Every structure is written in C-alpha cells, then in structure tokens.
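Each in structure tokens, the structures are laid out below.
Here come two complexes built around subunit A, the first alongside subunit B, the second alongside subunit C.
Up next, the complex of A and B:
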C-alpha cells in the first residue's frame, strides 16, 4: 500500500490509515486470519469436506459396512439411479409436493399479510396465529396432524362427513391423497415464514402511494392491484424461490407422517437417499443421488441469488 | 438486520395509525368483510394447536374414542403430562435438546461474529475469496450432506455424542452474513477512540463492536437455538442411543409404542414445543425480525 505513492511524504506505519479507498480499514492479514480461523476450520471440516467426499464417493462402491471408499465404480452409481424407477418416482413426489405447497403458501400468505397490515388493532393476534406454528418442531406438527387425520373418527373426519365426503381409510393411508395430507400440514406449519416476509415488505411501501391512489379514486382492491402487488414483486420472486428450495429438501414431515408410504407413494428424494445409505448400506449410490439433488437445488439457489442481487441493485439505483 | 432499531418506530407509523385513516378513505364495507375473513382464517389456523392441547388434557380412554368425544369431554386431567414427566426419558431428551441448542448457539455466535468482524473491518489478502466462499455457502443445501456427514462423524468416532449434533450446525453462513451486514453499519469513528487508547483488535471486537451489536446478537442466538432444537434429520441419524436423543427425535422414535394413548402423544408433542413457545412469548420481535432478515438477505 505504501509503495503506491512514492512521491508522497513517507507514511509512518502501515496501520496509519491510507487515504482514499477503504478509509480507515486496516490491512492486517495475519490477525484477520486469526479472527476467521475458528469459523473457517469448522466450515472446512463440516461443509466443504463432506461435499468433496460426497462427490468422490459417488464414483465408488462405498458402503457403511466396510471402511474406506470401496472399489471404483465410474459412473455406475449415476447410471443405476437414472435406471431406477423409485429414483424417478421420488423426484416426482418431491415435485408433486412442491406443486401442492408453493401456490397456497405464496398466495395465501400474501393475502393474509395484506389484510393483517390493514388492521388497525390486534396485529399481535394474527402474528401469533399465523407465525407461531413456523417455529414449532416438525415432530410436534407431524404428531398433531397425524392425529387430526386419524381414519374414521379424527378431527378431519368431522367436516369431511358434514360435507358428504367418505372419510374412508384416512387421507394419509390412501396413496392418492397421502401427499395432499402432508401438503396441508406443511402449509399450516410454514406459512408464517412467507407471512412475515410479506409484512416486512408491506411496511417498506410509503403511505403516500396509497394516499395518492385514494385521491385518484382508487378502491381498496385497485390499490392492492396497482400499488401493493407491483411493489412487492421482488418479495414474491424471493418467496417463490425460497419455497421451491425448501420443498426440494423436504424430509421431516414425510418421514414422520407416512415414512414414505403407503408403499412408496410419498417417498421423496431425501428419503430415498437416507434409505439407500442407512438401510441398504449403499453409500456410493446414495452419494450419487445426493449429488443429483444437490445440483438441482444449486441451480435454483443460483437463480435466487441473481434475483435478489438484481432486486437490491435496482433498489440502490432508485 | 439494520432494521432492528428502526422498525418499532416504523411499525407504529405505518401499521398503527395509517391503516385506520386509509380505511376511512376507502370503503368501510371492504374493510369489514376482509376483517371478518381474516379473523375466520386466524381461528382456523389456531384449531390444530388448540385441539392438540385439548386432547393432551383428556383421559387416554376418552381420547381413543374419537374427535367428537374429545371436544365434548368436560373432565380435564393432567395425567398424560404427569405420566410423561415421571417416566424420565423426556428429561434426558430435554437435557440433550437444551445442551446441544445452547452450545451450538454460543459457538455459532462467537465464531460467526469473529469471522464477520474480519470481513467487515479488516483488509487482508484473500478477503475477496473468503467472501465468495461465504456467498457460495449460502446456496449449499446442508441437508443433502447427511450421508457424507454421517461417514465423517463415524470416522471421527463422534457418533452418539452431543458433538455430532453440535459441530455440523456451527458453520452457519447466514449468521456471518447477518453479522457482517450489521457491522458494516457501525460508524468507524467509534473504534477510532479505542484505537487511540491503544486497544488491540480483540479489544475493538469484544469491547466496542460486540456491545453495539446486542440486537443482532440476540436475534442470531435465538434463531440458532430454535433451528438446532427443531433439527430432525441430523440427530435422527447420528444419535441412536435413546438417552442422548433430542426431544423431537425421541418422540419420533417412541411414537409407535404409544399405540392408542393419543393424549400421551399429544402431551409429548406439546412438551417438545413448549420451550420454543415460551421463547416466542419473550422474544417475539427478535424472532420475527431474525427470520425476516434471514429470508430477505439469504
């Protein structure tokens, strides 16, 4: 840094704040690395390390019963996954779950947030009702919903019989409805996340915009359509991508509510991965499936980063 | 996260007085209809929790008869809670959950804030690379790493120890990110005074920056606690000793043996959630703003 200005009067020591870029930021490489070290070591050991190991093991016949990587398998694990029906069906179930949960989670949370924001009183009550489930353990929500879905005489059967539906074997025991049951429980559980994101977005909208719209004679519905929805488009983009990523990683509710059943009707990708690794002891094959899921999620996460950066750039510019 | 200090003012400003004025200007019918709709949905949303509480306070025999019998039952009992608490397993699970969640939260706070301090306050070689690595880390789905993590913990002989649950959850990139954003907003002048007094970097971090960062520290600590408490996937596979299980894993493992004792199951579900509900009552603002911050900045 000091070499940059040979003609200037000699600066006494490095820490003495070089003028210009960086202001009073100090160049102190060894100390900085000391501050970084604890986090960096654990990050390397439990994030980067396992990731590399996962990629390597996906090319070997690794198992949990023998130590080491096992014999080299080339692309066999990947080819096996592509040939397996249950791999594709687990991907399909994951997609199915995404399709069932993302639209209600986005639309309903938006509606609830807009309406809550309009309320002059009792906001704490709505926050409690919609947000509290989000911080509960998946075990709690699963036990509650499995009980609600008890066949024949559970809480769910009361309105179902009233509406003339046959309670039948129960929503979770029927292969064609089990995923819907999981989706209902999930929407109830996680809507609070989107709800508070939207509420935060709503509070950024200047009041003057609504007042101007009201002066122009816009009805409440027109205000929502012309002011609220366009101004929250960045939040909506973010919410949709975060929701898709979260649904691709679904495991807890399925494991706890149906264990992937009936049959494999609700088996999702992470369920298939853990079964392959811990029940079949085939770590190599499970690693290949992990890599594939990893890549799918990474693509969507990259998209999310792009959307969020473009959004903040635009905000800075305006 | 910088919104933490300003938001209370903003909240009263926008959602307190303004909507009332807005409502008068625009159709009271619309407001009334939407208000009623909102209240109905909110009540619907509370029903599952309330039903679980009601069931947990009902006799096991009555609860087995069906939802109608539970709703019309008028003799509440604490038997299920007493039974579970006397059994002992649940105390081990509580201990396990509290221990892992608190240690993870404390270590995450310390390590993430130190890393964020370096990134926010110090110019050093490799800074850009480290920052890039952190941005990449935001996109890594840690759940997908469960298989290699299990293998690693087995090699390290950490399976069936609390460390197996704690260590993999410490590298929370989002915590570094949240801290860094907050530190960036602290004026540099504040540390200059300390520097003139000859304070070293550690004293600037610990004595100047961290005391100014209480709101963000609280938010990160509480969120890390909640996430660790709620994690199922990791403890499910790395802890097989019933005495070490965290409470969600313990419950998930024994739920089959409860059979038709529905009241006991619901009481267990509520006991697993209770500490988090208490936490929410006390730190509602930090939790909501922390979750919002992690969503918007992540």
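Up next, the complex of A and C:
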C-alpha cells in the first residue's frame, strides 16, 4: 500500500460546492427550479409523499379499503411485527439472499471485467454478452430460470442427472435450496451492471502504472493485487453499497419464481409487506414493517459508509 | 359535460395577432395530441380521460384455469353469440390471494370490472370492506330470476346483512373418489357397480379394513404434505357431522370458538386411522391421487373438480360419491363460485347488462357441470340432462349439506386462515403433533389475527 500512495488519485471529498454557495446560485438562476421541477414534482408526489404517509400510517390501524387513517394504534403495529415469527423469518430470508448474492456479484463481476479488459480483440462481444441479461425484465428472467430449474425436463435436470445428482423435487421446490436457485438467477441477471462499473473503473487506470509495475518485475497477478484492486477501491465501495441495498429490496424474483414458497421458506420482507397490505388489507401494519425495513437498510448503508470512510482515511494516512 | 354550452368563442382576444413560431408549434403539438383523444373509444383517449374503453363491452374477471378455464371460455363464447363479438372483454387472472388483492385494489381505485367471479367465502370479506354492490330483487327480476331459482344452501349462505351479495354459479364440495376395481374386490359395490351405502362410522371403518386387505396397505388417501386446503376440508367435513359443532371462528374472526372436545375427537379419529394403516400419513396433492388411480388405495378424498384429472387417466375405472355421514348428521365442506358486482357507478342499463351476462352464464350451467361442479341454478340442477350425468349425479346431494368456511376477514378458500389451520392439521395426520399440540399452535398462530381489529 505504501508504495501506492503517491500515484493513487484519491479524491477524498468530491468537489461539491460548499453549502454556502448553493443558495447564491439558486438566487441567481431561478430557471434552475424550472429544470428541476419535472423531477422534483414526481419525486415529491410518488416518493416523499408516500413515505411521509407510511410513517404516519404505521401508528394507525389504516385499511386498504377504507379512506382515512383509521383508529390510532400507537406502537401496536410495531409490537405486532416484533412478535411475529414470520416477520423475523422474512428478515432472515432477505439477509440470506443478500449474503448469497452480494459476494458473487462483486467478486465475479470484478473477475469478468478484468478478463474482458485484457481482451485485445472482440471486447464488444463480451461486454454485450455479460450486460445483455440486465436489460431483460424480471418477469422474463423468472420464466427462464423456472424453466431451467423444472425438475424432470428443465435445462438443469440433464447435467444434474449426468453428474449423478438426483433432481428430486427440483431446486425451487426444496426449502433448503429454493433461495440458492433464486440467488443464481439474480447473479446471472444483474452481474452486467457491476461489470460495466468495474470496466469503466479499469479503463480509468493509467497504462503507465502497469508498464512501471512490469518494469519493476511485477507478475500479472501482482499487478492485479497491487495496482488494480487498490485503484478500484472506490468503485468497489460503490458496487458493494448499491448491491447490498438492491439485495435488501429483493421482491420480483421471489414473487415470480416461488411466491415465497415452499411454505414461507423464501418469503422476504417486501413479500410479507405486500401480503399484509394488499391481501390482509392492513396498510397500517404493513407500514410499520416497511419503516422497520427502511431503518435496517439505512443502518446498513451508514455502516458501509463509515467502514469505507475509515478505509480511505487509513489509506490517506499511510 | 353534456349540459354545458359548447365553447365556440376563442379563448384569447384576437389582439395577440402576432403568432410567434413557438406558439404555432405548440398549437400544432396540442392539435396532434387532441386528435387521438377526439374519438373517446381509442385506448389512449380512454386511458387518459378515464372513460370506458367501449361502453357496450362488458368487462369480466375470473380466476379459472385448467379444465374450468376451457369451459368458461365456451360459456363466454356463448354470451358473445347472443350479444355480439365485441360485447365481452374477459380476463382470467391467477387464482388465490393475488386475485382478490387485484380485485380489491381495482375497486378501491374505481376501475373494477363490471362483473367478477369470487368464491362465496371470499365475497364476504369483500362485502364487509364495502367493495360490492348489493343485488336487489329487482335486478334479479329484470332478467327473470327469483330467489327460488337457486340452491337453498348456497343462496342462504350468500345472504349477508339482509342483502344479496353474490349470485352462486355452483357448489363445489369435498367428495369421495373410489377405484372400482379395488372396491369390487373388497365387496363394496352393489349390483349396478356403485359404491354401497357406507353411512355410519362402524360401516365405514369396516369398509376401510376390507380395502386395506385388498391393497395390502392404505385404504384412503387425503393430501397433507405441501398442502393446507385439503386437510382443512377433511377436518371441517367430519367436524360438522358432529351434533352441536360450533363455528370455528365467530365475530368476523375475532373469536376462536371451535369446540375443543369435538376438535380433539375428529383429529384423534384421523390419527387412529393413520395408526391402523388405513389413512396415509404423508402424501402431497398429486401423489394422493396417483395412489388411488393406480389401485394402491381404494378411496381418495378431494374436491369434485379433480373429476377431469381422473377422467384423463387411461384405463382407470373410478366412481364418485358424497362423503358418507360418519357421525350424527350429514355435512360436507364446500364453497361456491359466485358472480359479484364490484362497487362502481352504474347506470340502469349497465346494471341490466351485468345481470344479463350473469343470466347467460347461469343458462349454460350444464357446460359448467361437466367439470364436476354442482350447478346452483336449479333449472339445470333439476334437469333430466344433469340428473343423467355420470358420475356427477351421485354426489349432487352434497350441495344440500354443504358447510362453508366461517366468515372472517382473514378467512375463506385459499386464505390465511386455511393456510394456518390446514398446515397444523396436516402435521396431526403426519403424527408430528398430537391433537392438543396442534390446537395450541393454531390458537397461537391465529392470535395475531384475532387480536387485531378487522381492517374491513
């Protein structure tokens, strides 16, 4: 690390305008509001507004089919969620999914990006191939992977049988493997996004660094470890943060591939919230669960920020 | 809109004669946008203005897949033949909780279908949520229907708060399927090749014993693995055959009022059958059928809709019968498919149109009956054609002893209640829980729902 510090271009503070100047800019250019308005209005109406409503509703017995907030519930909705086994199990499944998907999505996308970056010819093909699944909608992904995991005649059943594995009831029907199946589908689907971020980061690294490293006698593996990985640390931080948040928000694939089954073996937090709000018609209780999930995601995001802050501070100090 | 005078005068005074390029372009864009809106029947215009896509088209939602789906398509075609090819827009959605969620949200959002299908037990929570229009005697009379045209049990069950909330199409009870070859060897068939009368616990258990001797094992199969509705249907049938059986839930789900003694008696009997080796301890839905189809069991209990599956098995000689009365009185768990009118602003013509659609469906009840369901429309149910239908006619009397799930905001077919209670009952049959443990677990797991005020 020590040898790296002079060449590393860490920009610890983004060159954002100091807080004092923002106001002046706004006063000088009221047109800015016009440009902001289309986004800001929609953001207020569909994001901030409902979120405030969610916080308020979580303290009431709000119903989906009745207008108004309903009777005051105090902390009952929260206490109920803390007491519910299926709430805790859904949180665990969400975490389980996050643990299954984040490491492969970060490591694999890095490996694929490094390999692609080394291709001298036909790079476009690999970029396209790895990114293509990402542009498909989740419904398509789910159909594809449900077919692949079909027990008797799915795509996976043939290699599984050749390898001597008993396909049994199928990966998605077994409570112990269903989440793994969903995780595999998700990794295949979303790896393209991280891959592109890494590839962009790789192309930012000046060529001279590798040349200098090669002159110093560094092997390709040493170059990756001593040059590439440290210089991509900011990208990695971003990728990990985005990935954790995306994984905690898991819903589509579970809903479409297993609808939380078998039993509630893959029921995730957002699935539970949806069921509470739109099947049980209990918007109040669902709001309480949403607030709890929101707080958990917030805490994890803050923790990640603190950890990466400490990491970059230590890097500066060295 | 219509009683406002037409706006002929230009909005702006002609003073601003100098038309800038920007204004001209803007006007052109507006005119271009208005063109498709002009015809209100265009999908874009209807979507933007929130008007009906086509006022003459009746929008109808149902939840029928498989064989029922095909028969429903035939019946819809029958309606189109009467009223024109563009008279009906039918949408089939996946059944279960998601269907009722969509129906609820569409109604709350003021965009419901004109007519929808709902299970009778699920129509009740919809009604309590204020999501249904009541159906008046005048509505019925307008298409020549009266209360007496329907199966009394189904009609009485749909009556809520002294209003008609749904028009039943059928009754679909839990039934007994039997393998003729096995029953023949067990000496349980009469001279016509039909199952003999098995009324009474002693007679039924003797029959199970004889079948067990023929198959060398299981006599009767009831699905209980990865399946919650079937154990519930099985339990609810037997429980209600006991004299003085109380409702499982009261006060719209706020109280668990099941009779403990009778609960333990029925679940104890189920475990006793498993210990005797007569009843399977662990089978999933599909395998519970296969066991009977292949002659590994003589009886198989499931809703009559599985008739289509049984008929599709080559070389299977099977029969169907009502579930015999084993305890004090006849009773069988059932539900009904019904037509409901979701809450919306309706003109008298639209009401009439919706009722005519329902009448046209009821008139085609014979097509529906082929799928196993017992018609609730008595004109069909009492017709010679239906009474000659094999094997449907042998369990048609089940409709008169139908027992529906108790009304509760979290209850009904395929609901949270059935999932929770059915899972525990399935475990009792597996021997994983004692009846007492299962009752404690049911009370514990339903506590959230009994202690929460109904959101409806």
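We take it that the second predicted complex is superposed on the first by the 258 of 318 C-alpha atoms of A that agree within 3 Å, B and C clash if a C-alpha of one lies under 4 Å from a C-alpha of the other, contacts with A are read in each partner's own complex, and residues count from 1 in each chain.
We adopt the following convention: a residue touches a chain if its C-beta (ideal position, glycine included) is under 8 Å from a C-beta of that chain, and two chains touch if they have at least 3 such contacts.
What you see is a predicted model, and the numbers here were worked out from it, not measured in a lab.
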Request  = Between subunit B and subunit C, pick out the one touching the greater number of residues of subunit A.
outcome  = B
Request  = Based on the superposed arrangement, let me know which partner A:262 touches: subunit B (first), subunit C (second), both, or neither?
outcome  = second
Task = Identify the partner contact of A:92: answer first if only subunit B is touched, second if only subunit C is, both if each is, neither if none is.
result = neither
Message = Touch test for A:72: subunit B only (first), subunit C only (second), both, or neither?
response = neither
Touched partner set for A:33, first subunit B, second subunit C, both or neither = first
Request  = Scan A:278 for contacts with subunit B and subunit C and give back first, second, both or neither.
outcome  = both
Message = Under the stated touch criterion, which partner chain does A:155 make contact with: subunit B (first), subunit C (second), both, or neither?
response = first
Request  = Mind working out whether A:45 is in touch with subunit B, subunit C, both or neither, as first, second, both or neither?
outcome  = first
Task = Determine, under the contact definition given at the top, whether A:82 touches first (subunit B), second (subunit C), both, or neither.
result = neither
Note = Going through subunit A, the residues touched by subunit B and also by subunit C turn out to be 62, 64, 278, 283
Inquiry  = Taking the touch rule as given, give the residues of subunit A at its contact with subunit C in the complex, in rising order.
reply    = 61-66, 70-71, 80, 83-84, 262-263, 275, 278-285
Task = In the complex, go through subunit B and note every residue touching subunit A.
result = 3, 7, 10-11, 14-20, 22-23, 25-27, 30-31, 34-35, 37-38, 41-43, 45-49, 51-52, 55, 65-68, 110-112, 114-115, 117-119, 121-127, 130, 133, 135, 137-152, 154-155, 167-168, 170-171, 173, 176, 188, 192, 201, 205, 226, 229-230, 232-233, 236-237, 247-249, 251-252, 255, 262, 265-266, 268-270, 272-273, 276-277, 279-280, 284, 287-288, 291-292, 295-296, 298
Note = The residues of subunit C that touch subunit A in their complex are 97-98, 100-101, 104-105, 107-108, 129-131, 226, 409-410, 416, 423, 448, 452-453, 455-456
Inquiry  = So in the complex, the part of subunit A that touches subunit B is made up of which residues?
reply    = 22-29, 31-33, 35-36, 38-40, 42-43, 45-47, 49-51, 53-54, 57, 62, 64, 67, 112, 115-120, 123-127, 129-140, 142-145, 147-148, 150, 152-155, 157-158, 188, 193, 196-197, 199-200, 202-203, 207, 210-211, 214, 218-221, 223, 235, 238-239, 242, 245, 248-249, 251-252, 255-256, 270, 273-274, 277-278, 283, 286-287, 290, 293-294, 297-298, 301-302, 304-305
